[in-house]
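Mind having a look at this structure? Questions to follow.
To keep things simple, chains are lettered A, B, C and D as they appear, and every chain counts its residues starting from 1.
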């Protein structure tokens, strides 16, 4: 089903499982896909920053996408198609949509400055991939160095009818969600889906500000599913209790540079992927960091049985 | 007492209290100084980023420093002297040391690139302020855009004998602390004091990696004092329990852009300063954000009575 | 006379003359002021990037400004007041205007992103210095990392009635001049004066696009005066002939980092300042570079007698 | 013949010719290849920044490379393989070497900071493409935002035996060439070839500092060939006379953003390519800019008959 502006819930950002020698680990890819859907995720987002997308060549990216789309049959798969040029972006976008993807995700190139340049970029990107492909606007200034005010986002949404979702990971971003929902309420912007990233570190309040769910890669997406459900049901204290129990680990995973290493480690500890290997240039956990993660897991486990793992 | 490499504990980063019309609020400054010392802080660091230092003119900066140094009599005061040029840096550094400051703090200018350029900058800064002033190296790449490996820091420490402390706020930074303490252990670097910033968001583990304490502006410095004490005493679980209870608020305060607004708000709520006004360009809390902070305070208050404040 | 939107001609960007030991060289300052006015300059701009402004403390900046304003009596002096905060900006701006400056110049801080943030900054700056002070908007993205489209500039000019001039040093910038003059022609923007920087490297065509003159620090401001006159008189070929004769040296002076060293060297060679010393951190010319400059001077001297200097 | 450290002369940076509809123009590609070799170029560098490389998808990049390599038979072709990840870099590098390329060129990703990170990146790149491929280190800080001191370059050359050439386009960079040649003279660095970029705007003096030639895309590579020859022959004044005649146009071509539009326009005017079209996002010349280029060509034509073109 094509992605649209009613999307809600958890779209987990999936890492790309590798063997220790750098080849893509297909068995782990399948197992991970199954595990994420069993955890209650509504969809998956692949080939994002955390998916080590730039380290795959074009053929690998398309093959991996096809494998996951096929496996995830009943769930939506969004594919990151951010690329240094429109030819590669178009090739991947058309390829994955043909294979059954629900939509694609696009981030702005770091060199963009001025509102006009940002808006023009997305108009050209849509022209390149085709107006028939629903897409997600990724707003992640900490990484991409492009700042978009609520006003620019509204303009992009007006100029690009095929934009149906915002991956919100500006920081601080709570007021941005309120502003966008305010535009909607006053009728100056059509509704879009807003799913939140940034490792989930503000998801407790982001839901309360009007977000529709999460799009992030925290290694317990099952917790994110519960949190989104509790929050949507208005069970504020219960939502915060669950969130706060995980926050020390969420915070630990959010570290730039080594966050992915932590996530792959925890996914491996949970039996979801076979190896925490990354392609170069990658990051790795020191022995000390591994102990810290174990300590955090044990502490989370006091509140959430899913974090009680067999000892290393 | 001049600052040296044995410094430990909590050096709270102090905001600058203003009246609503932008004048410095001297009564609040005195009350804040008293409150921080009663909270058990070993020292104060003023005119840092959070102190809105660039918004003060030269005379105001010196006057404020003198007032706080005099008031804090028995505690160490460190003054941020980062400036666009060495003439202003020298003038402020000499002025505050004469007034009784324990030392000064220097951050690198954002334009620096290459190891040689970074090392040369600090050599020239020391030449400018004089070799007799003990100083703190501020390592905050997220803000200052200058990255320093452990190797560069070791080089700066070797080349600048008057550097006695690192304000550690690289992120991720746990391995950096371990690396520096490893240099010390192997004898390739003299001991320096390491106090940690970044709002305290990693202070639980930073202490365990070898940090000597905190230098940050979380609005409950009394909690930081307890945490540093518990951690130094080896009471690991108790330290983490206390930390985790505050983490949701610590995280909320750490938001770039509005973090200072949250801190000034909480300090006002605690009766420590009279107004949360900032000089322009400043940030302010929305009504929604104020409610969120109140909710977080109430939740922290379940574990820590210091967060139980009279209702708004 | 206060600066207004009719300003034309050459406003030379003046370096700050220092003695070898770093003190300001007052005799050279006077001689330089006289030389620039005798060269036919309509005004001087001091305390700009090339004036090493950030290396002066507040008192020095004001004293130097007063000295030059007094000496330049019959010519307009514009003072750069760009500062990390509005308190210092206001203090210097009020001080120099009281001393007789014609106006001030303001550049945006490098951290600004989004059109709204840029526009808000200048509104706040005007509020800080006072609406009675005519000011120059410095548009220099290569250095300040802030990009302003013609549309943003028009917005700033509409929102800030006291902005009377653009120091144009965007690169490439020819189309920007045409766009701004187009706004004026169609009545969507009031007239402002446009003086061009960037070392003059595009002054030949900038004049033809509608600029009113130059505001730059090329070491032969007398040549700039002639060029602006020839171009304004429609003597296109003569203007380009003169420009092209100097272009090899203009290009050599434009090198980032060492440009100021070249300029101070040439001004010293012309007998205008006594020393080419810079305050730290500064740049210096190698023996090889000095020879290259001499070679270039000799070549320029074949076409322009002003470049025929007594041998070293 | 594989590229080695003895390479000299002119390696012209080739644009990628497109039809107006965005398809690669193969006939123009062949004609351009022939023209560049007839102009006396020793080699060609393709898929560089000016070649719009990121706008080609992987298959197009390889096909274009093969076509040019085949056509250029007797001359060396260097292929830019800079990519966001090593998988794509390796795929292209192996592919073009198999097709007969002389070597590849690699630029550092903009996110690199600290000397260690820069050195590690190039070691990993060599590991990825294979140690048997001779490669060119591209040092272009203005674009790639990575600064490399002579010391870092020496370290890379020591750590990577397959690095045989520096594409030097730091700015200012004259002292860097002198420093590197000094390292060589004192025996602390092995010889590498140094070819200069930056549009040739400093080629006159770069040759005198020890460069081996040019690697840039000025639309008159035949002039660059003459300049390199004159300079190598010690005919200093003649070299500068020729250079100075072209400098106004060299300067005009160097404008960031529209430089490529100028070059493609001039190449089209010279009959070398059929269209000046760029793939999106591209730049275009205004009618005014076209007139300015014509005027500059006419002026250059007074000294160099190659610039005397049939009127538009």
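Criterion: a residue touches a chain if its C-beta (ideal position, glycine included) is under 8 Å from a C-beta of that chain, and two chains touch if they have at least 3 such contacts.
All figures in this text were calculated on a predicted structure; none of them were measured in a lab.
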Length of the shortest touching-chain route, chain B through to chain D: 1
Both-way neighbours, i.e. chains that touch chain D and touch chain A: B, C
Type of chain A:chain B copy interface by residue overlap (half), same or different: same
Whole-Å gap between the CA centroids of chain A and chain C: 48
Distance from chain D to chain C - Cα centre to Cα centre, in angstrom: 33
Interchain centroid distance [CA atoms averaged], chain B/chain C, Å: 39
Of all residues in chain D, the ones touching two or more other chains: none
Footprint of chain D on chain B - complex, ascending: 113-117, 141, 146-149, 151-152
Interfacial residue positions of chain B with respect to chain A in the complex: 171-172, 174-175, 178, 201-202, 204-205, 208-209, 240, 243-244, 247-248, 251, 255-258, 286, 288-289, 292, 299
Touching residues on chain A, where the partner in the complex is chain D: 52-60, 83-88, 91, 110, 120-121, 124, 127-128, 279-281
